[in-house]
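Next, two complexes with chain A in common: one pairs it with chain B, the other with chain C.
Up next is the complex of A and B:
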């Protein structure tokens, strides 16, 4: 539809101001002849007026053999907007750390211009390349062209979602393990789990190289693998003194902001009580030349984060305070498979692993996945005096017997 | 194992087809049903192969209705026939 026939006064307001606007982008595609984009704008304008969404997702669409990677989207006013009666989303497995050549991006865009609306999201919140809007008939041809160009679909539905990671050692000095290598290995190792949904619900893995957690894994991944270290922070005292000479208030901004107050500065030398350090990265971020993570590096494994869908939002909980992350990653893979086994056996439909963990209790969950409880798992002191542990009962009983 | 992947895939298909429109099965539901039916002759990994065979043959498809299910292909009402 030509733009002269389109009347979208509410959307037009969203084009004002200095920032790029999604309305402008969609209009450009509409004006290039993508009828679906024109009708997409009209339907959105209608939704703004009616305060009703006209989309539903899910259904039976997909590509042969795969259960993930395609999210069916249908309008409930198909007769009035026939060009977007189907407007399915395709998720494409992104390269680790989101590194592309400009040529590969052109390839994806050309494929999408031929088979879809030409609209994309770079990237979806799970990390995939998102191709927005096509019809059922175009799914298989799109998939065929993507695979011919070495791309594959990502995850969707009740499967292992496409693992994602920060740029890691490729561009960051703080990476405590090779996030890119691990993500590649997990993606390839669990292709079946990625493409053929077999879980109670989605399972997201995000790999961050350090506690700065640039992929927000602690909030957005069922399994968060966050780089850390277990030896001492490396200190360059000359650089510390240089910071002070250049005006940094170390006492206030570094020592004062340390969450465990484990840093001391006497005006000439900095000392850190590493046994009390929680590896939050604050001091390292503030003094990047003076301080560095230790050299005995690995990752902290956390489980159970999720956005608020069935129940409220949840951050992930520590299940392994420190694990070496080295090829062939067998220890990590074994742990994940034990978690999947228990979740697959006892999880309800649409129950995330974090919700299962809460339902059965952390103690029972740890026992089932064969992980020993450690102090780092304690979120807060016991607040219910009527909760007891079997071990204490047994000890008390034995003492009573002796008396 | 005496039972073949094809036989397990056939048994899965029969179950899905019998309950089509009445009950939706997840992959784990089919796995549990097959372990119950064939006993020690099959395990989770074997059932995974059978599900893959079932999908690659096109006899069943994955669907998404709040969770992922395995069903006999059918025309979706929401598709509107277009």
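Up next is the complex of A and C:
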């Protein structure tokens, strides 16, 4: 049922070239008979000509009982492209680590072929499976089929967004805690917070097993849980010597690149001053057979990263230098709830937790969430003398103290 | 078919999707090696070997394309595969002999293999003109054009000194959170919102709109008898925050929208600390379908890095070592007024020493 009327000369140019083409993906679906995909191509061709988008602000649509997980989307030229007049997005919570079986992928495809455009993002940058484009009427039926097949929606709006994690212990020797198990537990524990927006703004959680931070949590998540260790890097001296024999310049490429210069290599033996190692992962990355993280592992907890909107971009900063990450994760869950309580009460509309930290000051923020300040939380102590002391003494204060 | 309505069941348990070899070696991997571009082996304490083949994908996929992946996973991997945080597809094999046929089949259906280790991986990106109201440029089209051009660095044809991560967001909302990338391609608006006074009252809450502006450029005002707002255009920095809360303030403008390029950010803690990307090129016009000025600019920056960086050195570490003046000289990019920060804490980015490579 290919639409012979369709003419998209600009987009056609993007079918050429070595990188896989999104145009081909959309066109294939149009050729399968998806009218919405054909009209999407036409609308996009128009944008390529006019250099401007043709989508309107989302309206409020969703499935019964949920406040998030569906993003309303309408074209601003509905008469001309009726098949995509409504073209809503559904976010489906991904399996942790983005692992699938062929059957589970086909299940998702079958559901989406029946109820939507057949277009997806594998995956969104938060982590969800993004089902791209359907009508309001199809939302409930899609949801019903997804849940019958054990899939559920992810977050959107001012809620806990879908947590995500690196591949972790499933396929990485450097994972300092079980990123998949933690992410699954936090997701299940806070289903209500995920599905029913009740926060001042969005809250993202990302879990990386080590400081390589393969899910970019320090840049992209309000709460960044990054694996680390506090004992010694495990060294296999034979493998170190093997690296040297294979031509590796250990002095320059390993010792020279260590940020705290805590590695020594005498041509025969490698020694590391672990008390000075900041667990940056460089040496281990470069010599995966010779070096391994220690065995007393856990995570560093950082808070507050966000993209620029509203007050400017931030990276997460340390609030707990080291925490053991073990089931049932009570210490971590308590901490997160204390953060949410304070933010829920004092955060302004559309104020991310990182912006609240800036507004009230990290010192005050820590006090409110009952965390003691420690020097690991700062790059250096303040260099400005305008200190906001909260109290001062009067002459007769001392006597009160004796009571 | 009156089935019980299920809610709040959460994602399916990931354990059922792990291949047996992963279940057996879970948390007990010993080391890994890159065998060739796009192929690595993980070796367990047990001696078991798991081979991974990483393939590039357009991220925007139809079910037809996903089914092809499912078929390949079934043919070569016992039906197991995964996706990565950068939208690549990873096939998980236990039979080394299956690697070549899998790669051949992937090539047949147009998916190159690469992006592991010191290489350029896929571009994290956003929705663009395909699906978003806020876009100052397209996402998938620019990504396709740039990756077509940089393909040789993905598949290992040309070696690179370290990792290079590129990300694209089509507006400052940055759904791709691109602000910590070696190279960030960012759509920008450059014209203040065009106020639809007649729609203001019915579509937006005026106090919210006023409060949304980070620079306090918006004031309530009555215009032609409509309760509306006025904008002090000199204060507008085109963040589109007001548009996010109010559809009657559209920002998109064909003449003024385009792309900026940022460099030197990273998220990994290896060697140097994570850091934001910094402005390299303030503005390039949208030129669909292939954005040649953008691909050329990105290539130039990549080439300067490939030529000059030491082993392992990321873009930002390289620029730190040679200094920003030299970066501008080597890339031939003109340094302009826009490169100097003038928002909050701007002074922190000024050069506050006399240590200059003269």
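FYI, the second predicted complex is superposed on the first by the 377 of 403 C-alpha atoms of A that agree within 3 Å, B and C clash if a C-alpha of one lies under 4 Å from a C-alpha of the other, contacts with A are read in each partner's own complex, and residues count from 1 in each chain.
By definition in this document, a contact is a pair of C-beta atoms (placed from the backbone, for glycine too) under 8 Å apart; a residue touches a chain by one contact, two chains touch by 3 or more.
On a predicted model such as this, the values are computed, not experimentally measured, just so you know.
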### Task
Could you check whether chain B and chain C clash or fit when both are placed on chain A?
fit
### Message
Taking CA centres after the superposition, what's the angle at chain A between the directions to chain B and chain C, given in steps of 10 degrees?
### Response
120
### Query
Does chain B (first) or chain C (second) touch A:5, or do both, or does neither?
neither
### Message
One more residue to check, A:275. First (chain B), second (chain C), both or neither?
### Response
neither
### Task
Please work out whether A:56 is in contact with chain B alone, chain C alone, both, or neither, and reply first, second, both or neither.
both
### Query
In the superposed model, does chain B or chain C contact more residues of chain A?
C
### Task
Could you say whether A:201 touches chain B, chain C, both of them, or neither, answering first, second, both or neither?
first
### Message
On the A-aligned overlay, A:192 touches which partner chain: chain B = first, chain C = second, or both, or neither?
### Response
both
### Message
Quick one: is A:118 in contact with chain B, with chain C, with both, or with neither? Answer first, second, both or neither.
### Response
second
### Message
On the A-aligned overlay, A:344 touches which partner chain: chain B = first, chain C = second, or both, or neither?
### Response
first
### Query
Does the superposition put A:67 against chain B (first), chain C (second), both, or neither?
first
### Message
With both complexes superposed on chain A, which partner does A:246 reach: first (chain B), second (chain C), both or neither?
### Response
neither
### Message
Minimum CA distance, chain B versus chain C, superposed model, integer angstrom?
### Response
5
### Task
For chain A, give the residues common to its interface with chain B and its interface with chain C.
56-58, 64-66, 192, 349-350
### Message
Residue numbers of chain C touching chain A in their complex, please.
### Response
3, 5-14, 16-18, 22, 26-27, 29-33, 42, 50, 52, 56-67, 69-71, 73-74, 79-85, 87, 89, 92, 110-112, 124, 126, 128-135, 138, 140-141, 144-145, 147-148, 151, 169, 172-177, 179-180, 208, 211-212, 214, 239, 241, 244-245, 247, 252-254, 257, 265, 267-272, 274-276, 286, 288-290, 311-312, 343-344
## Note on the structure
chain A residues touching chain C in their complex are 10-11, 13-14, 16-26, 28-29, 32, 37, 40, 44, 47-48, 50-58, 64-66, 73, 76, 87, 89, 93-106, 108-109, 112-113, 118-125, 127, 132-133, 144, 147-148, 150-152, 164, 166-167, 169-173, 175, 178, 180, 184, 187-188, 191-192, 195, 211-220, 226, 253, 257-259, 278-282, 285-286, 288-289, 292, 307-313, 315, 349-350
#### Entry: chain A-touching residues of chain B, taken from the complex the two chains share
26-28, 31, 48, 51-52, 55-56, 58, 61-68, 71, 73-74, 76, 78-80, 82
## Note on the structure
Seen from chain A, its contact residues with chain B in the complex are 56-62, 64-68, 71-72, 74, 78, 82, 85-86, 135-136, 156-159, 192, 196-201, 344-345, 349-350
